[in-house]
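Look at the two complexes coming up: chain A is in both, with chain B in one and chain C in the other.
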Partner chain A sequence: MDQLIQLLIAGLATGAIYALAAIGFTLVWQTSQTINFAQGEFVMLPAILALAARDLLHLPFWVALIVATAAFLALFGFGFKRFLVDPMLKHGVLPLAIATMALSILMKEGAKDGYSAQAAQFPSMVPEGVVSIVGAAVSLRDIAVFVVAVAAIVALQLFVDRTRLGRTMQATAQNPTVARILGIRVERMILLTFLINAALAALASYLISPIYLAKFSNGEFIGLSAFIAAIVGGFNQVRGALAGGFVVGLVDNLAAAYVSSGYRTAVPLALLVVFILFKPEGLLGRREERTV
Partner chain B sequence: MTTRLDPNLAVILLAAPILWFAPAGFKAYGLYVVSLWLVMSIAAMGLNLTLGYAGLKSLAQAGFIGIGAYTTAILTKTFGVSWPLAFLASGALSFAVGVVLGFPALRVKFHYLAFVTLAFAMFVFLVARNEEWLTGGVYGFSNIPRPVIFGLDLSRALPFYRFVLVVTVVLSLAMWWLLRSPWGRAFLALRENWMRAASLGVDIRTYTLMAFAIGSAWGGFAGALYAPLVEFIDPAPFAISASFVMLLTVVVGGSGFFLGPFVGAFLSFVLPELLRVTGGWYLVVYASVVLVLLVICPTGILGLVERARDRLSQRRAAALRDAARPMLEGSEAR
Partner chain C sequence: MKAFFAAVLLGTATFVVPASAEDTVKLVDVVELSGAGATAGTNWRNGIDLAVAEINAKGGIFGKKIEIVHYDTQTNPGNTRAAVQRAIDEGTYVVLGPVFSGPIGASMQIAQKAGVPQFVGGEAASLTKQGNPYLFRSSLNQADAMPKLANWFRDELKTKSVAVVWVNNDFGKGGRDSMIPELQKRGIAVAADIATESGQADFAADAIKVKNSGADAVFVYLNEEESARFLRAAKQQGIDKPLVGETTLLGAKVIELAGDAANGVKGHVGLSVDAPIAGFKSFSDAFQAKYAYKSDHNGIKGYTSVWAIKTATEKNGSFDREALMKTMHGIRISPKDVPGILIETKWNDVGDVDRESFLAEVKDGKQVITKILPMIAP
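The block that comes next holds the complex of A and B.
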């Protein structure tokens, strides 16, 4: 029972991080039909950048965090859209998706050669420690991760639903042509979603790296988890990505404990295949019309 | 009526003798790189059928290379089966698994299919890593024997390279024949407009499954050559990023072009070896080159070549028109 509670909390914590990555993924998909196969690397890189800024530029850690976040937003928020998505998108969805695969290799190998091939400790932003919940010892860090990630998602949801800017962004995602007729600066809104995606990825990176250590190859499993979360939740829904993130986080942690640690990645994958075959619109998504 | 030699066939027939003799002076390492190029070209040829001709987005090709490589390694090393049998078994197993994996392709399209195949590739990797009794786990499989065929000992680099070349030529000819047959037309119909193809009576179900299965079998064949080529296999080269690289190989070479896989595999497997002089950064350089290439020519290198040729022939036609104009106008005036 104790173990189950611990696993549930840990599952919700990692699930919230996956949700951050999955939400960025769906936002970018909605506004510009970009299937970003480098999403996992987007979550891997900011932590590595921060460590590199600390070690190579000898900055205090909090300054390094700011520098890394700014650099990441400029390169993989603005630069990603301007120099990769814009030129590629006019050729169709597939060439762009393939370009993001090349980008994922570039980011992974760049992190390996430019920083380190070894896993590195990433300082945790919350104190270590445990608290007791219904008799079970639960790590303080898991709770903090969960709270921070959910707070970020709630803030994003409020921004999208309640502010004028957020609603114009939503309009752009739903129907760019009409949005343009209504005088919305569509290009600027699309750029905004790319910046939000980069910011969510950076936050996810700083939250997950203290748990799994910062390593160049982390993107593989994070990316896969984010894809699964996005699809299980419903490919075109932010709420869905959140639900999907929790489902994947829980399944992932429970499978590691009760199935086998070697096949922990296989269980969410099986979940993915089942969903794609039998409920491709996801938990909360709408069924997409099939185009002739 | 004169039958013109198909240019793709001409290239195969012309390249085969050149490739037979050219690398004779290479050192063992050089021969290894050229052999690797051919082996990966076979795998890319299979994916080119699935993706480039039939239009099914598969991210599982490295998984099939893995299935072929492990099947051959286990059969030849553990059970002492002869290589030709192991080769056929690798292809057959990949074919069978490809049929099964093709079933989701009947139900889902586009990115969903990419994710299902990605999940499958990950699963193959996990099995290779976890089932130590079968695959050796992370420690892998070492001392995979190179075959002796018809009394020819292929353990040295040059004979083995030439053997790989022969198999490559045979598989290329088979693929060329397949694509020229009515099947090839049906695969194209599947890519261009599957709904219209279905309404015209093309058996979508069979052709989708076959496009997957045959493409996968080529992956298995490549794996059967890969295992004795490197003589040591572990799960790492069959991870999902390897499937990404396979897809990049096909697209950068020119997906849907018969010779695209060879161009792409040169870029993906020979170029990085040439770039080793840059130290550890060669994969970074490779990925950057691929990105730039994709931005410049999303239809791949052969797509670029074709575009240049079209432009040239258009210019030539325009020149002819210009030259003919005075004459035409003159005739109108009269």
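The block that comes next holds the complex of A and C.
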């Protein structure tokens, strides 16, 4: 029983990070109707940028973190939209999807050549230690990661649902033409969406890198896990990404413990196939939007 | 006029053409510079480069400078095979690398078929059981290291049960298959037998399984980055049993990546810059000065491989690959004669290496040698 509780909490912590990354898929889907295949690299890069700023510019870590976040928001929030999505979207969603694949390779190789091919230690921003929950010794870091990630997602959901700006963002996502007629500055709303995606990816990067170590190749499995989470949860709903993240995190950890590490990636993929076949809108997705 | 231009071109070419191939001997290093083996491969490459620079500064081998070329295999067996073939096509005198046992196993027949000696960093027991006379290790065979460690579990740690965590590749499976019978022979139960994947990032589930296995100690046999991730996960999950490993777990890079989580780790190390051996100290200082970080055992392996090649070649008196292969079998090199070999080393008739090894512990972020173990067959 102790083992199960520990696995569930570790799975929820991992899942919360997957959810942060999965939200990126839903945000880009809602605004551009395409899939950002570089989303995993979006989670990999901020930690590498922070380490590069610390090591190459000799900045204190917290300053490096701020510099890296600002640079990442500028490059992969604003820059991603302005220089990749906007020009490519005119040619259809498929060229854009392919362009994000190219971007993913560019980011990965850039991180490898520009910083290091080796893994690097990334300082933890959450406390370490062990606490007892229902008699089971549970990692404090798992709990902290879970709380921080969920707090960020809940804050985003509240922002989207309860604020005027959030509702205009929603309106833009649902029908940009009508939103424009109503006087909403659609371009600005789309930019805001991309900046939020970049900010969440940076948060995921800073939470996951102390555990997995910062490495150029981290985006591969994070991107795949987040993609599965987005499909399982519902590609068109932020809360769907949250649910999908938890499901994938739990399945991932339970499969590693009770099946084998070798099949830990295969089990979530099997889950993906099941959802595509029997519930294509995902756990919390809207059916009508998926059939468009 | 044409004759004038021809003369000018010829004259210019004479000045701009680099030193001819006659003045150099080419060594190609086929190594993991990215992918899961990047840490091991980078240290190996840097050790080689350091040795090459030192040898070239002293006039090379028979007056020929070593021309070293590194090809990144990306820790991919297919790429490794292609790179070994390319090295042979380019006329390399010897193939250096790779470091990971899987890619070595996948590529060693190519060098063997071409009659080119290959110096590798792999530890998997199976490598030198295949009757390849051209293959030479630079590290101890894991089958030789495990009995030493199993004795330590029984005699020093007084362990009754051990959880074994291993990486599911040739290196890890070879270590696991060598270790478990040794433990069982000594009456030590295997409380958990946990396979992990190469390149695995999340070790929370594995650490939780270890924690709940009831083992007295944990034997961790993973590659460098995975070792660090496991140690961090073990700390995160509050594992308080001794964590014991073989060479990689106590490596400098693992200690750097794992941070505090590496403190208290114990084990057997085949090579260590922290060992109280004069040669290691001078190597470590030179490596640190050149690369601004501390070498792990892979740096020593790369470095000593080049010095072994130089020594055996000079003993033969020519750059004859067949003669090099024959001379390497049974050669014994002392640091008194060849300081670059760092420690008394010999190669047996199947290409396994033998030297003193060490028991060590990580204290305050540093590897501390606690005991020197003798050569297997001094």
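FYI, the second predicted complex is superposed on the first by the 287 of 292 C-alpha atoms of A that agree within 3 Å, B and C clash if a C-alpha of one lies under 4 Å from a C-alpha of the other, contacts with A are read in each partner's own complex, and residues count from 1 in each chain.
We take it that a contact is a pair of C-beta atoms (placed from the backbone, for glycine too) under 8 Å apart; a residue touches a chain by one contact, two chains touch by 3 or more.
If you're wondering where the values come from, they're calculated on a predicted model, not measured in any experiment.
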| item | value |
| --- | --- |
| Touched partner set for A:277, first chain B, second chain C, both or neither | first |
| Touched partner set for A:110, first chain B, second chain C, both or neither | first |
| Partner chain in contact with A:262 - chain B first, chain C second, else both or neither | both |
| Touched partner set for A:84, first chain B, second chain C, both or neither | first |
| Which of chain B and chain C A:98 touches, first, second, both or neither | first |
| Touched partner set for A:142, first chain B, second chain C, both or neither | second |
| Partner chain in contact with A:252 - chain B first, chain C second, else both or neither | second |
| Partner chain(s) touched by A:54 [first = chain B, second = chain C, both, neither] | neither |
| Touching both chain C and chain B, counted on chain A across the two superposed complexes | 112, 260, 262 |
| Residues of chain B defined as touching chain A within the complex | 57, 104, 107-108, 110-112, 114-116, 118-119, 122-123, 126, 129-130, 195, 239-241, 244-245, 247-248, 251, 280-281, 283-284, 286-288, 290-291, 294-295, 298 |
| Sites on chain C touched by chain A in the complex | 33-35, 38-39, 42, 168, 194-197, 199-202, 204-206, 208-209, 211-212, 225, 228-229, 232-233, 235-238, 253, 256-259 |
| Interfacial residue positions of chain A with respect to chain C in the complex | 2-3, 6-7, 10, 13-14, 112, 117-121, 128-130, 137, 139, 141-142, 210-213, 215-218, 221, 252-254, 256-257, 260-262, 264 |
| Complex contacts: residues of chain A adjacent to chain B | 35, 37, 84, 87-88, 91-95, 97-99, 101-106, 108-110, 112-113, 220, 224, 227, 231, 260, 262-263, 265-266, 269-270, 272-273, 276-277, 280, 292 |
